[in-house]
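Following this line, the structures themselves.
Look for chain A in each of the two complexes below; its partner is chain B in the first and chain C in the second.
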Partner chain A sequence: MLAQALPTDSKPRLRRLVLSHEGVLALLLVAEVAVFSVIGRNFWTAGNAFEIVRLGAEIGLLALALTPVIVTGGIDLSVGSLMGLSAVLFGKMWRDGHLPLPVAAAATLGIGALAGLVNAALITRLRIPALIVTLGSFSLYRGLAEGVTSAVDNFTNFPDAFLFLGQGYFFGVIPAQLPIFAAVAVGYYLLLHRSAAGRGLYAIGFSPEGARHAGIPVERRLTLVYLLSGVVASLAAVLYVSHNGQAKADAGTGYELRAITAVVLGGTSIFGGRGNVHGTLIGLFAIVVLQQGLLLSDGPAELAGILVGVLLIVAIAANRLIATLAARRKGE
Partner chain B sequence: MRIVGLLGAVVLALVGCDASSTGGGAGGGAKSLTVAMMPKSKGNAYFIACKKGADEAAKELGVKLIWDGPTDPDPAGQNNIVDGWITRGVDVIAVAVENREGMSSVLKKARQKGIKVVTWDADTTPDARDIFVNQATPEGIAKTLVEHAARLLGGKGEYAIITASLTAGNMVAWQKAIDAYNKEKYPELKMVALRPCDDKQKQAFDEANNILNAHKSCKLIMAICSPAVPGAAEAVEQSGRADVKVIGLGLPNDNKVFVKKGITEAVVLWKTADLGYLAVQAAVAVHKGTLKAGDKTFSGGRLQNLEIKDDNLLLGTPFTFDKSNIDNFDF
Partner chain C sequence: MSRYKRELSVAGALGLLLLVLGLFAPKFFDPANLRAVAVSNAPVLVAALGMTLVILARQIDISIGSQFSICGMIAGLLAKQGVPAPVVALVTVAAGAALGAVNGGLVAGLQLPSIVVTLATMVTWREALRWISEGQAVQNLPESFLWLGMSRPAGQAFILIAALALLGLFAWALRSLPAGRAVYAVGSDAEAARLAGIRPRRVVFGVFVLMGALTAFAALLTAIQFRNVLPNEGGGLELKVIAAAVVGGIAVSGGRGTVWGALAGVLFLGVIGPALPFLGTQAYWEKALQGSIILIAVASDAINLRQRRDVGPGLAH
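Let's look at the complex of A and B:
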């Protein structure tokens, strides 16, 4: 409703930008950065900026994958569990199957695609709600991961060349996972905002029936986003293994909720039809900056959970307030 | 654009303040060291007991102690916190390592940045730290346990061991050391059964029952993993066999009831507060250069003349909790 007029002078456009959800959130992010620059040690440094990207990479990949899923009005709760399954299968293929690491990594992405396809098939063929399907696979994939390893086996001693992916730096400062994360972010941006398929996803989110009548191949589009979600979760798992130097069944526990929090904080409507990739990125960094900032200012880590909750409520309440005020002004 | 510019100015102004204030802070930091210390998990009573000693040592030495860790044992969480400490800039990191190999590379990174690294309670790979504060060697544990067994059985007779598993590294090491010390010192003392309980109290209870039934002349059960001590004691109590005693490695709180009933005679562990105390003392000494791998002994505060074996700083003889002292400990 704020975006109805298309003014030519810059002032209302700026107001529109600042008053948009992403604008409010970006201001909150700037405020966080400002506060932690004062109270945290070495917070305002280039090194820390890259470190924040590194810390956010795994959850960030999941959040990127979940953005189009949620835009269609769906959800994928299985991504964290799929990380666990991918991590242990990756470890098993390498250590017990003696596959070279690049082959094992590629096969892991294939497993992710397969797991995503299972979700998609149940959602589109059997018409079971995504929440129920992925709640099932959430439990299934974690259970498989624990079963494969009896919940105790832990794959370690990966070669240094592989550990570089999650722990190394280019030119001493740029984390090795940054290019991967950036590429996935750009890919999702193009899919969601620059392609016909992306516009179809929004239409599906508004009304699946309407989209179907408009000739959008709803099932194919949904299959695509859930399949990609599986592949990206497996990619996150490979990065996680490299980052932590170990592959265990508990990899990625609870990550799905943290990723969904970033997406929702970023302004994507949980009911579908609204949301964007840059909002998700701002939401992600609002959370990661908070965690890292608390660590660098010697604050208790538990506070991060509380503050993320407060942030979510403040951002969404501010958004609502602005919308209400704007509607009222329009009515006058 | 104007608002964005304004925000930029605000941020820059804040950063400006910050640059000058960290300058002051760093100056202060040179006087007092910052030791960042991590337990395997913050919620575990064992580590809370260690923290008491760590706080005591930090106060004595006048260093700033940061105590943080995952709420539950979580190797990924430990890595992230160490990464944060590297960025923040601390002088020494002291970690109780959850995953030996998983932690190794982030600790190596800390050392590359000039941060000293000490491990305590559980070690990482030797090349990733300066020294390991080792609370108990297999030989020390074995000696204490076998001495208790010999004392209770009068130097001869049969006993059985309940272990966590027949394959876990530390379990095998302890069991072998017990066997070696036993054969050397008390040839008439015989281990008649060695049973694994998978680190579960219920299974230890079942195994203890089997031992009681199968070996009527076995008068002592030695439980070398912590859930097995109360598990075995429970089985002995229910069997009504007043002639059988239990000893083992465990935590005081798990065993208070059985110690007071006279079923469990000795619970062996170390003084957790001393472990925390020594870890901080060692961390500061490593930073000052007064403690390094290859030294023979170390004295820090109230702990004097402790032995150093290779790059392990030894806390000393394990401590025995029994009827006389167990109420003084709460973990």
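Let's look at the complex of A and C:
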């Protein structure tokens, strides 16, 4: 049965919340903020808080998209490469195809949907493990981006109105990409936690066969999450281009592993069946705050990566330990 | 023969590619070019042998790019201090084995998923190396280290012979040694293997240690080819090597595949890039072609397999 659907635990709600994976991680995030507020220059400011959101937006979008994918027991390694392909095709449609930017952006999202469908078709129709399919498309999409641009073409000189999306502020403080990021986060929250389709994704993660016997259209659900993953990767690419003011084939290199790190740190099981959107958001910000905080307190930037790696192992080891202890207690 | 069906079909595809090259671009078979292609792929093959073991045992290691970078830097720094080459080799391989033991300890000891463990160690080691090295390359390696103090052709021959000797060794060990069979057994069904008297945790720990040692050796074979060792030399190696293994028919669900498949995968993916300019295509399309090859290889595999067996979708571990 779905453990999360039936909270039979009689412990007080608050205690359960604090002791949950996300609870511990949230406390850690609070601790990070407290430490950097003391030792960092200008850390404890609204401006910096919004800057952190800006830094996290692109990887955050990928992490949101990967959460339901990983919940089904799958993975999508191609999202970073798809960002590169989307970025250069977006640039090409605008500069060489003379399409208006909004049209080019919409077409880019369409390309993302198509790329996601290719992954989905191979995974659901041919039943190839998602790891392998997206390893292939990881190479294919990046390769197409390099081939189309001869690996050197760089699209620049985007109009200011477009650059506002990635660099501008509403009311002087709110980064322009925040509403988009928030909308995608809410969308994924509703999908995973407030819809029947979302419950189905957890069931698929626990047991694809069981889900199929329970009447869940497994292929259609999987197609949905990989399709959305493609669309969101393309959206992240458009934000990336606007944020950086240029579109090159190397856009988003290595982002897939960073996004997966945020998702797994946020408590989503790599085996599927367990995880949630708020955990991913807390995991994401635990990483971005660490990076930004070390930057503002003149700490070594590399320390952020090292700590994230260690944290990841501690997090899953703790999860494992708690699960083992719980199983043992139940057995007594 | 049907046992090696996948290896043979990849070898056939490789043969076809070579035939096309022979017809349209005989210059590709210029000895100097062939040697360059072979030597640049030898370290990839050595790492792929380790990855074969890891995947056969139903695990994965995505930290080998970082391991490769660290071991290459260690080799370079030691060589620069004037340490004799055999000692450099020994220390480097031991360092790689130690890095592999960390992964193995976490995966086998604490029973954590290898994809997450090695994702974490990949990040940790990469950033630690960047911190310590400050992004600086080890420059001007001594003559006694470059090609191990031999002439360039002799050094190249050494690299090829070393890689092929390891290939032969692992082919034999996986087929004929109890330890080799144990890797297949654990990858096919760890519980059944345990009941048959094999210790799955020990086997898993062992394959990660070997993976680390082989990655270090691959880094060493690369380091002796150049004047400088770069601290990000191994970036992206993990997915390249996994791709070669997959194209060679090594199943990520464990227990199925051979080192010959890994060899075929390394050669196919390694030849396609250098071949492109000879066929009048720009080299920029290399990655796209490699991606297509991976997808075609696994898709044809899946279509073949589909009639026989039903595998659930999702991430195979």
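Just so it is clear, the second predicted complex is superposed on the first by the 305 of 332 C-alpha atoms of A that agree within 3 Å, B and C clash if a C-alpha of one lies under 4 Å from a C-alpha of the other, contacts with A are read in each partner's own complex, and residues count from 1 in each chain.
Here is the rule we use: a contact is a pair of C-beta atoms (placed from the backbone, for glycine too) under 8 Å apart; a residue touches a chain by one contact, two chains touch by 3 or more.
Owing to the predicted nature of the structure, the values given are computational and were not obtained by experimental measurement.
S.K.: Applying the document's definition of touch, where does A:167 land relative to chain B and chain C: first, second, both, or neither?
M.R.: first
S.K.: If you tally the residues of chain A touched by each partner, is the higher count for chain B or for chain C?
M.R.: Of chain B and chain C, the partner in contact with more residues of chain A is C.
S.K.: Once chain A of both complexes is superposed, is A:261 in touch with chain B (first), chain C (second), both, or neither?
M.R.: After superposing on A, A:261 lies in contact with chain C but is clear of chain B.
S.K.: Determine, under the contact definition given at the top, whether A:38 touches first (chain B), second (chain C), both, or neither.
M.R.: First partner only, chain B.
S.K.: Name the contact category of A:302: first (chain B only), second (chain C only), both, or neither.
M.R.: both
S.K.: What is the contact status of A:240 with respect to chain B (first) and chain C (second): first, second, both, or neither?
M.R.: In the superposition, A:240 touches chain B alone.
S.K.: Show me the chain A residues, by the header's touch rule, that chain B contacts in one structure and chain C contacts in the other.
M.R.: The overlap between the chain B and chain C interfaces on chain A comprises residues 300, 302.
S.K.: Inside the complex, what are the residues of chain C that reach chain A?
M.R.: 60, 62, 106, 110-113, 115-117, 119-128, 130-131, 239, 242-243, 246, 252-253, 282, 284-292, 294-295, 298-299, 301-303, 306, 310-317
S.K.: Across the complex, what residues on chain A touch chain C?
M.R.: Per the touch definition, chain A meets chain C at residues 72-75, 77, 122-124, 126-133, 135-144, 146-147, 149-151, 204-205, 208-209, 218-219, 222, 257, 260-261, 264, 270-272, 300, 302-306, 308-310, 312-313, 316-317, 320.
S.K.: Please name which positions on chain B make contact with chain A in the complex.
M.R.: Listed in rising order, the residues of chain B that touch chain A are 1-3, 7, 10-11, 14-15, 17-19, 21-22, 25, 66, 68, 71, 74-76, 79-81, 83-85, 87-89, 99-106, 109.
S.K.: Quick one: in the complex, what on chain A touches chain B?
M.R.: Residues in contact with chain B: 10, 14, 18, 27, 30, 33-34, 37-38, 40-45, 47-48, 51, 54-55, 154, 156-157, 163, 167, 240, 243-246, 248, 250-251, 292, 295-296, 298, 300-302.
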